[in-house]
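Two complexes, one shared chain (chain A), two partners (chain B, chain C).
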Partner chain A sequence: MPDAVLTVLIAEDSATDRMLLARIVSKQGHAVLTAENGEQAVALFAEQRPQLVLLDALMPVMDGFEAARQIKALAGEALVPIIFLTSLSEEEALVRCLEAGGDDFLAKPYSPVILAAKIKAMDRLRRLQATVLEQRDQIARHHHHLLNEQRVAKAVFDKVAHAGCLSSPNIRYLQSPYALFNGDLLLAAFTPSGDMHVLLGDFTGHGLPAAVGAMPLAEVFYGMTAKGYGLAETLREMNAKLKRILPVDMFCCALLLNLSFSRRMVEVWNGGMPDGYVLDTDGGEPLPLVSRHLPLGVLAPERFDDSTQVLPLALGQRLFLLSDGVVDTSDDNDQLFGVERLRRVLVANRQPELLFEEVLGALEAFRGCCRDDVSLLEIGIVDPDALSPPPMTYSDSGQCAPLDWSSQFEFRADTLKRFNPLPYLLQLLQEIHGLRTQSGALHSVLNELYSNALEHGVLGLDSALKRDARGFAEYYRQRNERLQALNSGYIRLRLRVEPQGLGGRLIIEVEDSGKGFDVNKVLGRPLVEQGLYGRGLNLIRRLSRHVEWADEGRRVCVEFTWEALA
Partner chain B sequence: MGVISELSQDGKKLTIKVKGRFDFGKHQEFREAYERNAQPASVVVDLKEATYLDSSALGMLLLLRDHVGGDDSEIRVVNTSSDVRKILAISNFDKLFDIS
Partner chain C sequence: MSDIHIDRNVLRDLQEVMEEGYVCLLETFLDDSDKRLSQLHEAKSALELGHAAHSFKGSSSNMGALALAALCQQLEARVKQQPLYGIEDLINQIDREYEVVRHLYAEERHRVSIG
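Moving on, here comes the complex of A and B:
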C-alpha cells in the first residue's frame, strides 16, 4: 500500500522547531498545519480535523497535556493519534503524556527517519480503528434492519397464528416474543363441533429458515380444523406440504392434540417433541404423551403414519406441553436439565397456577440464568359450557341456498377404513344458512352418529369397555385393529332438507350394518355423568330437536329445524 | 478435524466419524465427508466421540440419507451414547436409521 497522505497538525511554541518539523513532515508528503500553543492547536483541530497531531508537551497559554485531552474529546470515537514532542525524560512526565491521551512520544532532537516510521505506525492504528468502527456501524445497521424485518414478519404471522383460540380461558401459554425465529410454533383452534385442536411445533434451525415453514403449517392447521377435518387428515396434509416445500434437512417436530371437552378425551400425535403430560388434580404421577413418530416433513406421504393415541380425561386435569428448550437446557458442565428433573418439578407442584413459574425457576436455578427460547403450554379440562367457540365465519356471500333436496350415501368397508366423509358432508350442510347458528350442535351430532355407527355398529365395539383408563386404551386399540381388518359392512347416511313455513328442517338418518342394540335398555340406564362412556347418546339427545331409533337400534333419525332468517 | 471419513478397501462401505459437538458447525465437513466419495453401498456414522447432537445434526443425517438413496439407503449409526440415543429416540430416527 502506498504511504497515505495525511493532514498533520504540529503544535510547537519554538518557531525553529516548528519549521524544522514542518519541513520534515511535508517532505514525507503530508499536508501540514501549525500552531504556536495548545489553544491554537485545539481551535485548528476543531476546524480542519487533521488526522494526526504532533504536540509539544510544554507550551504557553495551554500546554500539550490539556490540548491532548481536548483534542481526544473532540475526536470522539475516531482515533486521532497524538505524538508528544518532548525533551522531558523523567518517567513521570512521560507517563503524564500518555495519561493525557498521547499515543507515543518523540524525543528531541528529532530524527526524520524515526518520525516517518512513527507516523506510518500511527496511521496503521488509525486505519484499524476506522475499519473497526465502520464494521461495527455496519453490523448495527444490519442488525437494526433485521430486527425491523422480524418485527414486520412477526406482525403478519401473529395475524395468522393468533387467529386461533389461544386466548380461551382454559389455556395458559408462555412463549418468548420472537419464539417464531427460534422455530417454535403454537397454534390452537376450535373445530366446528366445539373440540379444540392444538399444535406445539418446533422447526429445525433458527432464524428466518425456521420461521418460513410456520406460515404454510398454520394455514393448513386452521383451514382444515375449521372445515371439520380430524387430526389424521390434517397431519397428512401438513406432512405432505412440508415434505414438498422444505429442504431435506429441515423438518418440524410437532405435538398435536384433539381435545374433546364434551366427550372428555384427547387424541394425541407426537412426532419428535419432548413428552407432554397429563397432570392430575391431586399431584399424582404425570402421564407422559410420548413421541411415537418421525417429525413432520421427513417421510413421503405414502410412508407417513397418522395413527394417534386416545386417552380419557377428567374434569380438572391439565395437559402440559413444552418445547425442547426446557429439557435441553444445559448447565456449565454440559449436563442436560433432562426429563427426570422436569418430572420432579411437575410432581412437586401444588398450586397449578404457579407451575410455569416453578418450571422456569428450576431451569434458572439449574443453569444460573434463564433462556428465552422456552415455550410452555397448559390446557385445563373444563366443562364445554365454560368455553365459547367463536361463531363460524363463512366466505360465501350469504345468499340463500336451495332448501329442498335429499341425498343418500353408502360408505362400504374399504372406504370406512381409509376415508372420513364427515368434513365433506358438513361442507354440504353449511350451505343451509338457516342452520348456521346451530352449526356446532350439528357437527357434534353428526360426529357422534357417525362414530356410533362405525364403532358400535360396523365394528361391534362395546362402549362398556371404556369404563376405566385401561379399558379406554384397549377400546381404541381394538378399534384400530378391527378397522384395519374390516372387509364387509356399511354405513348409510341420508340427508333430507325440506322447507317448513318460512324456515325448514333437516333430517339425518344413519343406518349401519351392525347388530343393533336394545334402545330402551340403554336409554333407560341412569347416566354416568363422570364415566368414560355413554356420553354420546346423551349428547345427541341434548343437541338435536328430535331423535328416534328404529330397526333395533340399527337406524337412527335426528331432526334439526330452523325458523325464517331475519 | 471434527469429521473423519474412511472408505473401505473395496469402496463399498463409508465410515464417517464425528468428534465433539455434532451441530451446525460440522455442516460443511460432514457434507464433504460423503460427497467427495463415489456412492458407497452402505454408510456407518460412528458417534463414539460425539458429545452432543442437535436438531441440525438430525437434518444432516437426513441429507446423508437422501444422498445415498433415501428409502433404499443403508445407514447405520453406531456407538451412540445414552444422551445421543435419547435425542435420536425422541425424533424416532430409529425408523430411518439402524441405530446402535
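Moving on, here comes the complex of A and C:
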C-alpha cells in the first residue's frame, strides 16, 4: 500500500521549529496546516479536519494539553492521532500529554526519519479505528435490518396466528413478544362443531430458521380445523408437511388438544413437549399429559403414530400447558428447575388467576433472573354457552347452491378403521348456503351420529363405561383395540336435500350394523344420571329440528330446515 | 573550533531538508532567538523564565546550537529550584553563547546566499 497523503496540522509557537517541521512533513508528501498556539490549532482543526496533529506542549494563549482535549472532543469517534512535540524530560509532563489525549511524542531535535515512521504508524492506527467504526456501523445496520425483517415476519405471522381464538374468555396465555423467534408457537381455533383445537409447539433452533416452519404448520392447523378434520388427520398432515419441507435436524415438539366443551372431554397428543397438566378446582394432584410420541417432522408418514389419549373433564377444571423454557431453566450450578419443582408450585397454587405469576416467580427465585423464552397457556373448562365461536367465513359468492340431490355412502370395516369421512361430507354440505347459519349444529350432530354409529353400533361399546374417569379411559382403550381388530360391519349414510317453499331441508340418515339400543330407556333417564355418557343424544335432540330412531336404534334420521335466504 | 558551538552535521542536514528555504530558516532562527532573549530578560516569574528557556532550548537544539541548547536546559532545570540566587550568571552565559552563534549563523547565511 503506498503511503497515504494526509493533512497534518502543526501547532508550534517557535517559528523556527514550525518552519522546519512544516518542511519535513510536506517533503514526505503530506499537506500541512500551521498554527502558532493552541487556540489557532483548535480553530483550524474544526475548519479543516486534518487527519493528524503535531502539537507543541508549551504554547502561549492556549497550551497543547488543552488544545489536545478540545481536538479529541471535536474528533468524536474517529481517531485523530496527536503527536506531542516536546523536549519535556520529566515523567510527570509526559504523563500529562497522554492524559490530555496524546498518542505519541516527538523529541527535539527533530529527526525526519523518526517522524516519518511515527506518522506512518499513527496512520495505521487511524485506519484501523476507521475500519472498526465502519464495521461496527455495518453490524448495526445489519442488526437493524434483521430486526426489521423480524418485525415484518412477526406482523405477518401474528395476522395468521390471531386468526384463531386465543382471545377466548377461557384462555389465558403468556408468550414473549418474539417467542416466534425462539421457535415457540401457540395456536387455537374452533372447529365447525364448536370444539376447540389448541397447539403449543416448539421448533428446534432459534431465530428465523425456527420461525420458518411455523407458517406452514399454522396454515395446516387452521385450514384443517376449520374444515372439521379431527386431531389424527391434522397431525398426519402436519407431520408429513414438516417432514417434507424441514431439514433433518429440524422438527417441532408439539402438544395438541381437541377440547369438547359440550361433551366435556379432551383428546391429547403430546410429541416431545413437557407434560401439560389437568388442574382441579380443589388444588388436588395435577394430572400430567405425558409425551408419548416423537415430535412432528421426524417420522416418515407410514411410521407416524396419530393415536391420542382421551380424558373426561369437569366444569371449572383447567388445562395448563408450558414450553421447555420452564422446566429446563437452570441455576448457577447448572441444576434444572425440573418437573418436581413445577409440580409443587401447581399444588401450592390457591388462586388460579395468580398461577402464571407464581410459576414465573418460582423460576426467578430459582435462577435469579427471568428468561424470555417461556410460554404458558391455561384453558378453563367452561359451559359451551360461555363461548362464541365466530361465524364461518366462506370464499365463494353465495350463488348457485345445489338444492335438490341425494347421495348414499356405505363405509365398511377396513375404511372405518383408518378413514374419517366426515370432513368430506361436511365440505359437501357447506355448499348449501341456507344451512350455513346452522353449520355449527350440523357439524356437531353429524359428528355425534357418526361416533354413536361407530362406537356403540359397529364396535358395540357400552357408553355406561364412561360413568367415571377410569371407565372413561377404559372406554377409549377398548375403542382403539376393537377398531384395530375390526373386520366386519358397516355404517350407511344417506343425505337428502330437497327444496321446500323458498327454503329447503336436509335429511341425514345414519344406519349401522350393530345390535341397536332401547331408545326410550336411554332418553328416559334423568339428565343427572346420563352424566358423562348421555350427552350425545340430548345434544342431537337439542340441535336438530327433528330426530327419529328406527330399526331398534340401528337407524337414526335427523332433519335440518332453512328458510328463504335474505 | 566553531564545532563546540554548532554541529556542522546538523546544518548540512538542515540545508538538505530546507533546500531553498534554508536561508529563510537561518533568518527566522536569528529573529526568533532575539525574541527569546528579550523574554529571558523580561521574565517576571520563574514560570515565564522556564517557558522561555524551554522554547529556546527546543529551537537551538533543532538548529544544532549544542552549547546554547545545553545552557538553556540548565536554566530550565535551575528555575525549578528556589531561590533563584545566581541565576543572572546563567542568563549572562546564554547571552554570550548566543552572541557567538549569532555570528556563526550570519556567516552561514552569507555563505549560502552568495552560493
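Side notes on the structure shown:
Note that in this section the second predicted complex is superposed on the first by the 549 of 566 C-alpha atoms of A that agree within 3 Å, B and C clash if a C-alpha of one lies under 4 Å from a C-alpha of the other, contacts with A are read in each partner's own complex, and residues count from 1 in each chain.
We adopt the following convention: contacts are C-beta pairs under 8 Å (C-beta built on N, C-alpha and C of every residue); 3 or more make two chains touch, one makes a residue touch a chain.
Quick caveat, the model's predicted, so the values are computed rather than measured.
When the two complexes are overlaid on their common chain A, residue A:19 makes contact with chain C while staying clear of chain B.
In the superposed model, A:294 lies in contact with chain B only, and not with chain C. By the touch criterion defined above, A:110 lies against chain C but remains apart from chain B after alignment on the C-alpha atoms of chain A. By the touch criterion defined above, A:91 reaches neither chain B nor chain C.
By the document's definition of touching, of the two partners only chain C reaches A:58; chain B does not.
By the touch criterion defined above, A:248 reaches chain B but does not reach chain C. By the touch criterion stated above, A:205 is placed in contact with chain B alone, chain C being left untouched.
In the superposition on chain A, A:404 makes contact with neither chain B nor chain C.
Taking chain A as the reference chain, the count of touched residues is higher for B when chain B and chain C are set side by side.
Chain C contributes residues 10, 14, 17-18, 21, 24-25, 28-29, 31-32, 51, 54-55, 57-59, 61-64 to its touches with chain A in the complex. On chain B, the positions that touch chain A within their shared complex are 24, 51-52, 55-56, 58-60, 62-63, 66, 71, 83, 89-93, 95-96. On the chain A side of its complex with chain B, the touching residues are 202, 204-205, 248-251, 253, 271-274, 291-295, 298, 300, 303, 324, 334, 336. Touching chain C in their complex are the following residues of chain A: 13-17, 19-20, 23-24, 27, 58, 87, 108-110, 112.
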